[in-house]
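Below are two complexes that have chain A in common, paired first with chain B and then with chain C.
Let's turn to the complex of A and B:
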């Protein structure tokens, strides 16, 4: 394709997309309006299912299938990145003897924040159906907590408390648990990912039925996924060396 | 739209522009992280705390870290 032909294709595409966006924007309801058809349907549905965090109710109950799709995308990208980042034939893992110096202030702050971050992460995962957040958000916080060991301590220390294979297994198991919960719902009620647990009392920790358990599964999957992903990046940056 | 929201929108627009105009990838990781925090502020003001939590954890911490590690790996091959 010649240069000018490429430009013609580009402008046709850009013009088409631009025109559609303008048309869509003209039909949009005004900013901050009072008409919310989705709110009117989803809020009563969520409250009726004992899940005061409407977003979690939508993600894990009313539209749980969409979330399964999202988790599968995450799983796929972690597997893809891990495959790309693994040491190639002419590379070996080799740890540096000297890991540099960490500022005392960084150490102090890192070790102080480590338990706090772990607790915040667990709180966000387990209260996903009650307060903002959930498995995904809490999972990323938990994975960040693990890596405070690298910031405050050293890479060796991080590797010692973070056996990569455990996290690889945990990611697969947690991803599978989501599907299994869905299949159990299909067997018991005839609908994939339908609720199978008692709804409980609105506001209780063990309430909202499946939402709580799916949140925990997603929390475990996201924590392990991010840890596996970052371990690949960290190994490539810090310990994988070319050997000739 | 409240004045606070207008300020947040302008800050996000300014932040995004700074990220695009930063050419050095390792510096871009830092501006991207700041941009992530600005975006988090906007999501909080728009009453979307769930999205804000995802944004602050992924956009301001994990993604810039991956960029920095990738830059370090690429630079290391001398």
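Let's turn to the complex of A and C:
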């Protein structure tokens, strides 16, 4: 398709979609108003499930099946990206001798922030049912912590403390754990991903039943997924070289 | 002006698509796809917003904003991030095989 034909198709499509969007949005309830039918249903449903963070209650208890779908998309694209980023037949992994120079200030800040970031990540994952946060957010923080080693230290150092196969295994195990927890719920109560564990006391760390365990599984999966993804991209940029 | 946030969402979707069509670099294309998708975050969050309401945590004073759309936005962000990663991996392979990231130069089929 030539560029001009492409533009004609785009303006026709965008004009149509734009007109429909405007027509639909003009009928929307006013922004910031008090009419929220989903909230009126989900907030009462969250009470009594001992998960004060209602977003987590929706994601991991009321609609945990949707989160399984989301997690499968994550797993699928990590597998896809890892397959695409493999070194091909005529490529080998070679590490450059010269690793460049890191500013002392960057090193200091990086090593200071590394333990802090790890703890914050673990905190966000394990308190996902109590306060805003959860497995997805905490997992990204944890993966960032691992990569502070690359920012402050060197690529070699990152490779030493980050055995890629471990993270690939952890990714699969965490994804499987989510499904197994769901199947246990199915066997015990007849509902897939039913909340089977005791709910505990509202506000306790080990409360909210399966929400806590699903959060930890998702946290492990997201951490390993992001590490595997970034390891593929970093290898492509830094160590995969064509050999003839 | 109380509909403005919704129109920002629609505008983000269309400007993202505009960028995809106009793009002459596949990395730029991937970023434009991510921008088009970020329109959905704005739409979802502005649907659930209420003036003066607090975060959807039990025990918060007064009314809370809609937690369902926040959960949807979380899902949306995760999907967007992973799809972006997958697309960027594809771009790396395309760049290696064809020595170009200009979508206009990728029109011939290869066996």
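FYI, the second predicted complex is superposed on the first by the 227 of 244 C-alpha atoms of A that agree within 3 Å, B and C clash if a C-alpha of one lies under 4 Å from a C-alpha of the other, contacts with A are read in each partner's own complex, and residues count from 1 in each chain.
Keep in mind that, in the parts below, a residue touches a chain if its C-beta (ideal position, glycine included) is under 8 Å from a C-beta of that chain, and two chains touch if they have at least 3 such contacts.
No experiment lies behind these values; they were computed from the predicted model shown.
Visitor: A:124 in the overlay: touching chain B, chain C, both, or neither? Say first, second, both or neither.
Guide: Once the two structures are laid over each other on A, A:124 reaches chain B alone.
Visitor: Tell me which partner A:136 touches in the superposition: chain B (first), chain C (second), both or neither.
Guide: Both: A:136 reaches chain B and chain C.
Visitor: Should A:144 be classified as contacting the first partner (chain B), the second (chain C), both, or neither?
Guide: In the superposition, A:144 contacts chain B only.
Visitor: With both structures superposed, pick whichever of chain B and chain C touches the larger number of chain A residues.
Guide: Counted on chain A, the partner with more touching residues turns out to be C.
Visitor: Considering only the touch criterion stated at the top, classify A:14 as touching first (chain B), second (chain C), both, or neither.
Guide: second
Visitor: Contact-wise, after the overlay, does A:234 reach chain B, chain C, both or neither (first, second, both, neither)?
Guide: first
Visitor: Of all the chain A residues, which ones make contact with chain B and with chain C?
Guide: On chain A, the residues that contact chain B in one structure and chain C in the other are 31-32, 53, 55, 132, 134, 136-137, 229, 233, 236.
Visitor: Within the complex, which stretch of chain B touches chain A?
Guide: 1, 49-50, 52-54, 57-58, 61-62, 65-66, 69-70, 72-73, 76-77
Visitor: Over in the complex, which chain C residues touch chain A? Could you list them?
Guide: 2-7, 10, 13-14, 17-18, 21, 46-51, 55-59, 63-71, 74-75, 77-79, 82-83, 85-86, 88-90, 92-93, 96, 104
Visitor: Give the list of chain A residues in touch with chain C in this complex.
Guide: Chain A reaches chain C through residues 3, 6-7, 10, 13-14, 17-18, 21-22, 25-26, 28, 30-34, 36, 38-39, 42-43, 46-47, 52-55, 57-59, 63, 66-67, 70, 73-74, 77-78, 80-81, 84-85, 88, 131-132, 134, 136-137, 202, 222, 225, 229, 232-233, 236.
Visitor: State the interface residues of chain A toward chain B in the complex, per the touch definition above.
Guide: Those residues of chain A that touch chain B are 31-32, 53, 55-56, 124, 132-134, 136-137, 140-141, 143-144, 147, 226, 229-230, 233-234, 236-237, 242.
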